[in-house]
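A short worksheet on the structure shown next.
Per-chain numbering from 1; labels A, B, C, D, E and F assigned in written order.
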Amino acid sequence: RYGLAEKEDQVGVVTGLAWTSVGGDLLQIEALKLPGKGRMKTTGKLGEVMKESIDAASSFVRSVSPELGVKPPKFETIDIHVHVPEGATPKDGPSAGIAMVTSIVSVLTGIPVRKDVAMTGEVTLRGNVLAIGGLKEKLLAALRGGIKTVLIPEENAKDLPEIPANVKEGLTIIPVSHVREVLGHALVRKPEPVEWDEAAEEAAAAARKASPGEGAAATAH
Amino acid sequence: RYGLAEKEDQVGVVTGLAWTSVGGDLLQIEALKLPGKGRMKTTGKLGEVMKESIDAASSFVRSVSPELGVKPPKFETIDIHVHVPEGATPKDGPSAGIAMVTSIVSVLTGIPVRKDVAMTGEVTLRGNVLAIGGLKEKLLAALRGGIKTVLIPEENAKDLPEIPANVKEGLTIIPVSHVREVLGHALVRKPEPVEWDEAAEEAAAAARKASPGEGAAATAH
Amino acid sequence: RYGLAEKEDQVGVVTGLAWTSVGGDLLQIEALKLPGKGRMKTTGKLGEVMKESIDAASSFVRSVSPELGVKPPKFETIDIHVHVPEGATPKDGPSAGIAMVTSIVSVLTGIPVRKDVAMTGEVTLRGNVLAIGGLKEKLLAALRGGIKTVLIPEENAKDLPEIPANVKEGLTIIPVSHVREVLGHALVRKPEPVEWDEAAEEAAAAARKASPGEGAAATAH
Amino acid sequence: RYGLAEKEDQVGVVTGLAWTSVGGDLLQIEALKLPGKGRMKTTGKLGEVMKESIDAASSFVRSVSPELGVKPPKFETIDIHVHVPEGATPKDGPSAGIAMVTSIVSVLTGIPVRKDVAMTGEVTLRGNVLAIGGLKEKLLAALRGGIKTVLIPEENAKDLPEIPANVKEGLTIIPVSHVREVLGHALVRKPEPVEWDEAAEEAAAAARKASPGEGAAATAH
Amino acid sequence: RYGLAEKEDQVGVVTGLAWTSVGGDLLQIEALKLPGKGRMKTTGKLGEVMKESIDAASSFVRSVSPELGVKPPKFETIDIHVHVPEGATPKDGPSAGIAMVTSIVSVLTGIPVRKDVAMTGEVTLRGNVLAIGGLKEKLLAALRGGIKTVLIPEENAKDLPEIPANVKEGLTIIPVSHVREVLGHALVRKPEPVEWDEAAEEAAAAARKASPGEGAAATAH
Amino acid sequence: RYGLAEKEDQVGVVTGLAWTSVGGDLLQIEALKLPGKGRMKTTGKLGEVMKESIDAASSFVRSVSPELGVKPPKFETIDIHVHVPEGATPKDGPSAGIAMVTSIVSVLTGIPVRKDVAMTGEVTLRGNVLAIGGLKEKLLAALRGGIKTVLIPEENAKDLPEIPANVKEGLTIIPVSHVREVLGHALVRKPEPVEWDEAAEEAAAAARKASPGEGAAATAH
């Protein structure tokens, strides 16, 4: 079934798009959340650039986590493992960035990813979506694999005229310029924000640290 | 005796199947559980892809551990060592993934592995079983080695027509698509799930952390 | 939009200038502040020299942090991630040093960076600005990208006579010899200093350490 | 004296057998136990495969430590250093595995190793002994070096007919299939087991952890 | 201004002398002291030998720190960053050793370094000054750069007859055999020693460790 | 003065002997003891084999430390830095092992090393001295450098007949087979042993750990 769209909406499972010398391909991306200490593990024979795109995706997600309903201290208590299957095939490049963001957000929020959406786009630390290469090959792979909707960088919209008409008819192609749009299209529902006042939390934490035994001492007599 | 099926059902010892330029071979996989701090050690001249398949196997197992009767905090108190003997022979590739999962689950649960079962299949973080190469050579090696039952990826069932009739007669070949099926066939009994309410446990842990001395202080006077 | 000036003033986003065999280019630099433990992460296929220039920038900023309104212990509670997008393009060299300083200061203080300012210059641990190469190509790229003001090292002012007149008319070119001048031109407002008496703070910390339970004990009876 | 049997029974000093392009040789293996934190250090220009065989030997020993009279928590308080002298000569291969086990067990238990015993055999995590190469050259080296007894893998017993008669007359050659047999022949006395109920110990440790101050609080009034 | 003497006496900024295939050059060395945990960071495209000379310089300084007015525990609370600007130029060799010592001592004591002094010499762990190469080229660079005084190893005094007369007239050249002499010439004032009785301090620390709660308990009733 | 015997007896400074393609040389070895956490630092462009010989020397010393008047817990509170000057010259090989032991023992005990003694010999974890190469070249270098006494491995005594008569007349050559003999000849006085009953100390430490607050609680009421 590899190379085909997923059979059901799943948490943490996202379909990216790869482009190699022999054409485009679907790229299944999986993330898991485990009890831990804030570590990120990546596997699947990933090159340095793809690993860095996961780092950037992860930092972006952490920087907006209250918007996603996740309080920042949560990250100190979990590990995240991102795996790209077909472990013998080398993968590289930054273009899976928005898929990495989506996978990490899904696993953190528990919100499943729509099974018939694929996506390609580099992500920046601010969540902006940058242009990618191989658009035609990637769209052909998406069509072949049963995908219905493909998210592409706004910066690549200028390449759409060169895409064959049957591909554009068979797919809903949505140009995006920020990850917020990506999440809106890819997740089955919108995350609910949580209140987080950083300054207030820091002050409280500092107070706790300054007098660790105070609570206990107040009741001892 | 190397290259032959095990003589008895053992905890943590699983028979995988390797495929090299000179044919197939049995691959004995051993796991041990030791008191520790959540570390994973791997030895046996393993290539990067096989080490990553052990990482993926391990994360999958941790993510479903309550199903296996193991509470997640247990992992912080043990180390797991996975060794593939014949230490001078290089080994690589992702196809031992389901054997790695089985070995880790056996050692965590204490449930022995059936000595006459061999298996091959890449595993994903969700426990899905992906296709492998060298099916014919691996099945021949299994037959030669006295194996009775071989678990293969569902995705490889399409290759069975090319397998010689005598091999298919001498072996029970079972296509599987998820690790749950693998464990059902390979372990001598089914693991018993344990209750684990992650949210409740987290709240309790947070409460303990917030007032470490509280229990003691309440009884001091 | 890559290769063009930013559309709005943003926190942590700075425009540097790169010089390669095929000419000059704008170099977007992004920094994020995350809750953490004083770690620095860098991504974007950066060479060793550029990574070291980020280290030098970071140490300089830490050494003058009270001037910037940031108390030194703050650094133990945050991680900083510096990313240079277009993750597939290798980048190297020390000439983004002053841009790195500006990006880190912006993210620490929360003060946005003027969107129409670009800059190039190596930075030393004392905040001095050292000469760079490729001045002409970098200024051409700035003009092409819609930049209005370019900060260059004082040591490169001697190269200005060789710059075409139309470039010098289209840009405000400001030679600088210390990072303080850079921040004055690049940030939308000046950081407000905070009082920090290192010796007094150290003595207080030492006192707290020497008698950790003292405060509590004083009220127990 | 290097290349000759030891002059007395010593703790932690074991004679292995090496096989190189220029023939067989005795291989002195030394282990030391030091106060520490559970680390393993290895020196003597050892290749990766020999280092992994030391890891496997060490994990096997830890997994059976109560049989050897050593309680598992002991390992957290010591470091073990395994050195193979003649530090300028590269050494590699898994065949010193059973000698590594013997050296580690000797140093942990304080029981000396018989000075006139040499041994060769790969070890698995379960303590099984696997076949090695170069049997003839190794036995010749043992005879030359004044060794009386050589332990070889049961799997190599099939090679004994090719060994010259004078070698077989000059040495007592003992095929072994598990490390327990190795220790029986190599140590000057049998280790005395210690009681260790893992589940009970874990429960007790968990109880201590849950209420660290309890013992103290119970006596405070 | 690079390649010229500094304009004012600064803390932590020392002028070394480099010697390359194209002649001699001034080598600005900068050190910063930051709140930290005893770490040493080095940047500036430094080779292994130069990094090791910084390690040796640092250990020497720590070993004599009470002479410099710095109590040893201070080192556990600071990080030191040594940077050699012109970050794109590779630098190596041990001959900046005494400059590294001077830079570290200046930053630790807060005593500025005379701006018109340059120096070259390898340093040992005991503070001895060893011979260097390229004396003529280095002295020429010093003269060219406006330096007034150059400290050279006593072992190189034998090379002075080969130095051109105008160089020897334009510079005060001082042979030194120990770092104490170097500091006397390079720092604008002498550091004031602090009392430090290691044995007494260790005993006090051990006592505090043995009964952490004692002080508090003595006042609880 | 490099290449000549030391001018006075110093703590931690030992003269080894090197042998290269261009002849023998004196090798000054320096060790320093610093407040720390049990780390070993080595500098001086040392190859892997020489670094491992320092590790072996260090473990040997720790294993016999009570004989040397040093209680084992002391090692957790210090760092040791071993440096071999002339930092630009690569050094390798195991033959400085006994010099490394002597340097470490001198620095730990504070007992100076005789300035006119040089030594060469590999050391094992048990303190045995193994044969070295280049004996003639090393002895010539010792004579040239003003050394009076040279310690060589007992195993090399068989090479003495080939040494020129004038060398043997100019030097006292002492064959040694264990490090204890080395220390007897090289240190200006014998270390005084200290009592250390490991089992008793462990029991006491375990007791302290089991009831950390007990002492305090006993006096609280």
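One rule holds for everything that comes next: a residue touches a chain if its C-beta (ideal position, glycine included) is under 8 Å from a C-beta of that chain, and two chains touch if they have at least 3 such contacts.
Since this is a predicted model, take the numbers as computed values, not measurements.
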A correct list of chains touching both chain B and chain D reads none
Looking at Cα centroids only, farthest away from chain C lies chain D
For the two copies chain A and chain C, what is the rotation angle that overlays their Cα atoms, in steps of 5 degrees? 60
Can you check whether chain E and chain F touch via the same residue numbers (shared by over half) or via different ones? different
In angstrom, rounded to a whole number, how far apart do the mean CA points of chain B and chain E lie? 56
So the centre of each chain is just the mean of its C-alpha atoms; given that, what is the distance between chain A and chain E in Å? 48
Touching two or more other chains in chain F are residues 212-213, 216-217, 220-221
From chain D, heading first to chain F, what order do the chains fall in as you go round? D, F, E, C, A, B
Chain F - residues contacting chain E, complex: 1-2, 10, 12-13, 28, 30-32, 34-35, 41, 43-45, 77, 81, 83, 85-88, 212-213, 215-217, 219-221
In the complex, chain A touches chain C at residues 48-49, 52-53, 55-56, 59-60, 62-63, 72-73, 75-76, 93-94, 97, 122, 124-126, 128, 130-131, 155, 202, 211-214, 216-218, 220-221
